[in-house]
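Provided herewith is a single structure, encoded as structure tokens, for subsequent inquiry.
Which chain is which? They are A, B, C, D, E, F, G and H, in the order written, and residues in each are numbered from 1.
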Amino acid sequence: MSPEDVSRVVERLAFASIDHLRPLTQGHPEVILCAGKTPEQAVAIAERLEAANGSFLATRADAVHRGALMARYPRAEVNELGQTVYLPPDPEPPPTGRGTVLIVTAGTSDLPVAEEAAVTARALRNRVERLTDVGVAGIHRLLTQTDVLRGAGVIIVVAGMEGALPSVVGGLVKAPVIAVPTSVGYGASFGGLAALLGMLNSCVAGVTVVNIDNGFGAAAAASRINHA
Amino acid sequence: MSPEDVSRVVERLAFASIDHLRPLTQGHPEVILCAGKTPEQAVAIAERLEAANGSFLATRADAVHRGALMARYPRAEVNELGQTVYLPPDPEPPPTGRGTVLIVTAGTSDLPVAEEAAVTARALRNRVERLTDVGVAGIHRLLTQTDVLRGAGVIIVVAGMEGALPSVVGGLVKAPVIAVPTSVGYGASFGGLAALLGMLNSCVAGVTVVNIDNGFGAAAAASRINHA
Amino acid sequence: MSPEDVSRVVERLAFASIDHLRPLTQGHPEVILCAGKTPEQAVAIAERLEAANGSFLATRADAVHRGALMARYPRAEVNELGQTVYLPPDPEPPPTGRGTVLIVTAGTSDLPVAEEAAVTARALRNRVERLTDVGVAGIHRLLTQTDVLRGAGVIIVVAGMEGALPSVVGGLVKAPVIAVPTSVGYGASFGGLAALLGMLNSCVAGVTVVNIDNGFGAAAAASRINHA
Amino acid sequence: MSPEDVSRVVERLAFASIDHLRPLTQGHPEVILCAGKTPEQAVAIAERLEAANGSFLATRADAVHRGALMARYPRAEVNELGQTVYLPPDPEPPPTGRGTVLIVTAGTSDLPVAEEAAVTARALRNRVERLTDVGVAGIHRLLTQTDVLRGAGVIIVVAGMEGALPSVVGGLVKAPVIAVPTSVGYGASFGGLAALLGMLNSCVAGVTVVNIDNGFGAAAAASRINHA
Amino acid sequence: MSPEDVSRVVERLAFASIDHLRPLTQGHPEVILCAGKTPEQAVAIAERLEAANGSFLATRADAVHRGALMARYPRAEVNELGQTVYLPPDPEPPPTGRGTVLIVTAGTSDLPVAEEAAVTARALRNRVERLTDVGVAGIHRLLTQTDVLRGAGVIIVVAGMEGALPSVVGGLVKAPVIAVPTSVGYGASFGGLAALLGMLNSCVAGVTVVNIDNGFGAAAAASRINHA
Amino acid sequence: MSPEDVSRVVERLAFASIDHLRPLTQGHPEVILCAGKTPEQAVAIAERLEAANGSFLATRADAVHRGALMARYPRAEVNELGQTVYLPPDPEPPPTGRGTVLIVTAGTSDLPVAEEAAVTARALRNRVERLTDVGVAGIHRLLTQTDVLRGAGVIIVVAGMEGALPSVVGGLVKAPVIAVPTSVGYGASFGGLAALLGMLNSCVAGVTVVNIDNGFGAAAAASRINHA
Amino acid sequence: MSPEDVSRVVERLAFASIDHLRPLTQGHPEVILCAGKTPEQAVAIAERLEAANGSFLATRADAVHRGALMARYPRAEVNELGQTVYLPPDPEPPPTGRGTVLIVTAGTSDLPVAEEAAVTARALRNRVERLTDVGVAGIHRLLTQTDVLRGAGVIIVVAGMEGALPSVVGGLVKAPVIAVPTSVGYGASFGGLAALLGMLNSCVAGVTVVNIDNGFGAAAAASRINHA
Amino acid sequence: MSPEDVSRVVERLAFASIDHLRPLTQGHPEVILCAGKTPEQAVAIAERLEAANGSFLATRADAVHRGALMARYPRAEVNELGQTVYLPPDPEPPPTGRGTVLIVTAGTSDLPVAEEAAVTARALRNRVERLTDVGVAGIHRLLTQTDVLRGAGVIIVVAGMEGALPSVVGGLVKAPVIAVPTSVGYGASFGGLAALLGMLNSCVAGVTVVNIDNGFGAAAAASRINHA
């Protein structure tokens, strides 16, 4: 593709350069990270994406962002726990990924990150399942679910505090495991640093890690894997 | 499986408990991390793994470890740059993964980590390709290789210093991208911390990260993906 | 200059020592950093600077600082995004720098820092241009702008998250490149630390760095270069 | 006790003040930390302790320390892995603690720290058992040993890398669990920091932690518990 | 126990998996950590625990959590300083631990953490005593209380700032000492990091440490010791 | 002094142990650190100190603390910038220190810390002088004041950002120099860490340092020196 | 330029991709960073660069690298302090930069970094001057050299420990100032981190910073400025 | 003093600018920090200082530095533990400070830092006393020495590990207390960081701190105080 072609598919606003090549390069349109943007900026970008793709996904949308986006697109769906606004295509097409994306959480407080992941995985056309509050403090809660774990195509494990769950899960399955540290904890958790370091140092071969609280990124990676 | 069955497949030495269930649970036998083990311990573990699987892989093997393992298994193959000793099955079976594992390095100094990844990926029965010294300082070195990038099934990107390469690669492809920060650099690289943080904060959706210099783990994750 | 001369040009208030030598030593008058000062202190210092130079620039001015300064100097100009108040000389003299200061941002959320830089560069008598939201996730957004990049005298690159953009820009041009990490991001961005470390470890020769979110300092450095 | 009495039981050398009150205050004599001391200093302190108690324990004794101490006290016992020299009382009295101190290690590389703990626990008159290489990567290695775990009076868990083992062990037993992070690992383990933070953030109620590689301190704590 | 049995004792809610095995495995029911949970979630979990055990303990309960729990269980007891809600069994059984749990604080500002520990220790059926504001700045405040210190079965020492108190206490007694760093302090206390590091590096043999501000965990550990 | 005597001079409240020995041991009564205490606690402690000494000093007193203390002691003096409440003896005795305590600030934003130091130094009976806003950016502001600097008995230098001022001052005088880093700054100042590290690494022999923002501690140290 | 053209100017070796476009894109050929490369790799790259440009520069060349390069190119020049090997063009062309690059060091121990900068600046065709050991501990050493400072086109300031010198220099001149922190120091200098943070937080407008010990990068930046 | 006068007292070597004003400005000649200097540089600087002052002090002198300096000045005195070389004036003048500088160490391993302090204090003309191995683990070792502590003019407290000793000492005396953290320890001592943070957060009013292992700086500060 020549530079002229490329510049045709970059839409330049005063405050943003919308990249309409993303479906070709990365497999899906841009996603709106609302944090750091005004509600007006978020809506304006949503409009360009909706015009091009008939759909958009916005993450890290606080109450004001959510209000502005829902006022403009009443058909969109809000996930309050996950702080997302998703306008699905109409009609919503079926999942295209090979298997199921299983989202496992260590504790109740990890649910917001898990929900961000779940909505993202759906928007990227994956089947999603959940397994909740199975942290290692009572390991039989997890061990009785090995069939669920072994049936998944990709597993996202969301955990704060010491972040031990991905190692245990990774030891039980052959599937790819993506670890998401969360900022759940206090004191020497240092905002999720403890969980992040724990996951990076997993003694299990083949666990990969994303940023603290980055449910979105974990789902995007899972979707890349599920569509590979 | 009952506890009695399980204990039959754990072989207890004085200094190690060999886990012969790994092929069933994680899809491949244990790998010997030589660092922190004496050469005698490494050889003893290699013997148990060879007896059970006809093959073994040892990583982080320094010259003394390599000498001891080669003396015991002259048929094994050494990769000096990658510090590995690999005894392939005889005959070595063909790769079983769906696609190719492409290992991309930012600079010449990242090659040891890339070689550890390459040997591991082969041992886990994946086809391996390499793309070397295509860091972002001269980005045309990378951009002229987009066909290679887009032909890969999974991409491992190995980079030190600011660790920017995974973001650029991830922006060009749909495939899963695993970022490996290296300890290449000095001063405020803090032993690879700068690259690690950069990769964790990638602005590209779906890049996952492993520990600093962890070529082994990146290959294990790539193999999980390639066999999913 | 004797100590007596020097003391004549230092104006001592109860809470500040105004340095009227700055135009001679550093090429421009003091700039008021409002953070940590009361609105009354900011106005009082503005009055001394206006009396001496017919102009002043205030940065990190929150709504209360802005209100107090505008009440006292209605002719002054507010940049809300950049949190600046600038009273230009009347009439405003033309730029004196040799070339253009180009301010490049990786994402929409980096704009506040970029605007602080833009206003500062103007106040220090430089021509300013902007290139917005050209982060590395979609690198064609940047590559189609190489003519703009190569036409600049000095380039300020403002980026958060992994901070990869200055390396890519620096690899494309001969001009001086000043990197400004921003606190945009979350989790392991650690308030901009990830971007800062990335920029300090740039694999491109000749990129320099200023403090996190320090658009003012980047513009001051660019102006020193542009007037050298 | 008056100050005069106290000063009688503090033996002042040029480079050390031997505290002969320790058996009364803390329940056992001083232990010689060889690191940072010359072999001559270590021997001189050992002589004072042997004279007072008929016994001594030296930790962190490198080959030179070990040689000097063994030359002076041929009856002493060296543990090379644990870097200790122990001169037991003659005859050695039986253990006095209520239960068994069980020392559990995650991997082979954690053994040096575990051995330091084992020798210390013995010197403080405790019965010692060991459970080796039962890290969470293959959790059945641990789960088949729950009877051993539940039979222990106090459990010391020694683990590097992500340090997940103490949480899993702590979830299976009622006994006190002391976690010892080790410096085993590389990259983002940061010399054991990852394991330390993981253990401090354990999701299991009642796990306590000692310094990285501090097998001695863990055993001293276990002995306090076992004699309480 | 078979997987079927285990799954009968794990009660799965939409947002939590209640582990009814805890009294068997760890010696006491789950405790509700309110931080990160909605009041509704906290109440729902409390209901399950009350149904199973006739009692519950909730920690880190802010005013809203406390209001919701008290509205549902007016018989419960609030400790505002310690931010706990405790519903004791009716009638409350006597303590079962061997000795007394003594909670020592360095300063007045450490009291909230100490109170969390005190309520937890009582709920886990231990006798509790307190010694308040005996920090090392005026060491005679502590030294005149050595009888109290030496009469305790387990000692919890709560201190912020430099965290020196556990070392001094640990030097005076044979009993187990659990150190709790607090986030009391400012500047280079870094939210309790200074106290945490100080306690981990205690020069006294046998002091163990829990997370910053973790009064709950210290009491759980003390109770394990007191019931061993 | 016997333990009985000592216990007479420690006044035990429910939440504090007032140390009435301080004038004998450390040369001045306890000072009330209001942060972390309720207003009622602060007033109660103030009452004990006033009863014993006819005077008290409270630091880190926010508006509520100040209100409560002034309501109880209308004669007390508030320093709002320094957040202190001081009840001087009546009549206030003259300074007893040998020389003058000079408090030098780098910038206007450092004044709150300087005022805390100034009030403390006065309360500890020292003569106080001030030199304001003489940071190194315009070094002639400082160099024209070398007579003031050289006339001081002890110098406290208060600076944030890079914290360079103590080195320059220390190079100009023979007197003791106490450096106080402040949390003034942003980004990579990390809450004063940059200034703290700078001061600890001063290339000038004999500069000592206190905690970030610890004007109180600097004044206490200066007073020890001034009365030595 | 088409991809075909580009690929012609990237020379692919087994371990490196030589970028022959650098003179066009960044204004000068690639420089060989020897650290992390074998001597054979360094020589092989030098051969390609010499063939293309008649010259090369190698930095971070230890004794073995230097020996290998000098054996192959006896005409090259070694700077042992700066650890560089430079093969100048024959004949060496005159400097092309507008002004002088002045390299200022705080102390004798900073000289290796300064020499790396000096050789690099020369290789990039700049006039170089030096001002040595003028740290702030004796500030008259610097102040008597203000004419030298004010005559420079660009100033590189190399300093370790607290890194205060760039602020003082930056306050005295209008020229661009590039600060290079060095790892000179011990303890809380943390390998140059203290100096780095100090320089990033400079209170002087317009000081920019490069990585710790990065004399090469500072000279490259100075050369970009000097040729702008 | 005019610039001309000043330049006369700065002696410029190729690698150093000797500051002969130091006795006037700071009260004593420059001291040679050997670390980072070649033996030849150290000797050359010693020669200039000896010529001007009849005396010199060199610190951080390793065996090679010590050999070179002793070869040139056989009359000089080496302190191997403290790594100093001191050439006293001949005859050595009596101490001039008001009181005694007491150097207190927590443990035997802290002696090297204490000896550096002792030699420095003597060279700066102070009377020196020592109190060794009185750490808080056995606090009666310290408490029996309160008369020694209270007789000192200035106290330097040298301690590693948790660094608690300065707080306890500072609570017992009115004299100025300078705390020196040492790098004694392992694991989470992080090279002395734990002790440094502990000392900075001392709960005792008026303890000041110098860099880790900086016995020299502590003595210089003590001497400033002792001569004030």
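We take it that a residue touches a chain if its C-beta (ideal position, glycine included) is under 8 Å from a C-beta of that chain, and two chains touch if they have at least 3 such contacts.
Keep in mind that what you see is a predicted model, and the values were worked out from it rather than measured.
Q: In the chain contact graph, what is the shortest path length, in steps, from chain B to chain C?
A: 1
Q: Among the remaining chains, which ones contact both chain C and chain G?
A: In this structure, the chains that contact chain G and also chain C are B, F.
Q: Identify the chain pair with more contacting C-beta pairs: F-H or B-D.
A: Looking at F-H and B-D side by side, F-H shows more C-beta contacts.
Q: Pick out the pair in C-G, G-H or A-D whose interface repeats that of B-C, meaning over half of the contact pairs match by residue number.
A: A-D
Q: Among all chains, whose Cα centre is located farthest from the one for chain G?
A: Between chain G and every other chain, the largest centroid distance is to E.
Q: Determine whether chain G and chain H, two copies of the same sequence, contact each other through the same residue numbers or different ones, counting it as same when over half of the numbers at the interface appear on both sides.
A: At the contact between chain G and chain H, which are copies of one sequence, the residues are largely different (under half shared).
Q: Measuring from the mean C-alpha position of chain C to the mean C-alpha position of chain D, what distance in angstrom results?
A: That gives a centre separation of 56 Å.
Q: Using Cα averages as centroids, what's the distance between chain E and chain F in whole Å?
A: Their C-alpha centroids are separated by 35 Å.
Q: Report the inter-chain centroid distance for chain A and chain B in whole angstrom, where each centroid is the mean of the CA atoms.
A: Once rounded, the distance between the two centres reads 26 Å.
Q: Quick check on chain A: which residues sit in contact with 2+ other chains?
A: In chain A, the residues touching two or more other chains are 25, 107, 137-138, 143, 170-172, 187-189, 193, 196, 200-202, 204-205, 211.
Q: For this entry, which pairs of chains touch?
A: Touching chain pairs, listed by label, come out as A-B, A-C, A-D, A-E, B-C, B-D, B-G, C-F, C-G, D-E, D-H, E-F, E-H, F-G, F-H, G-H.
Q: Quick check: in the complex, which residue numbers of chain F touch chain G?
A: Per the stated touch rule, the residues are 106-107, 135-139, 143, 161-164, 167-168, 170-172, 185, 187-190, 193-195, 197-205.
Q: List the residues on chain F that touch chain E in their complex, please.
A: Answer in residue numbers: 3, 6-7, 10, 12, 14-17, 19, 21-22, 25, 33, 35-37, 41, 181, 183, 191-193, 196, 211-214.
Q: Within the complex, which stretch of chain C touches chain A?
A: 107-109, 111, 132-134, 137-138, 140-141, 143-144, 184, 186-189
Q: Report the residues of chain E in contact with chain D in the complex, numbered from low to high.
A: Interface residues on chain E, with respect to chain D: 25-28, 31, 98-99, 153-154, 170-178, 196, 200-202, 204-211, 216-218, 220-221, 223-225, 227-228.
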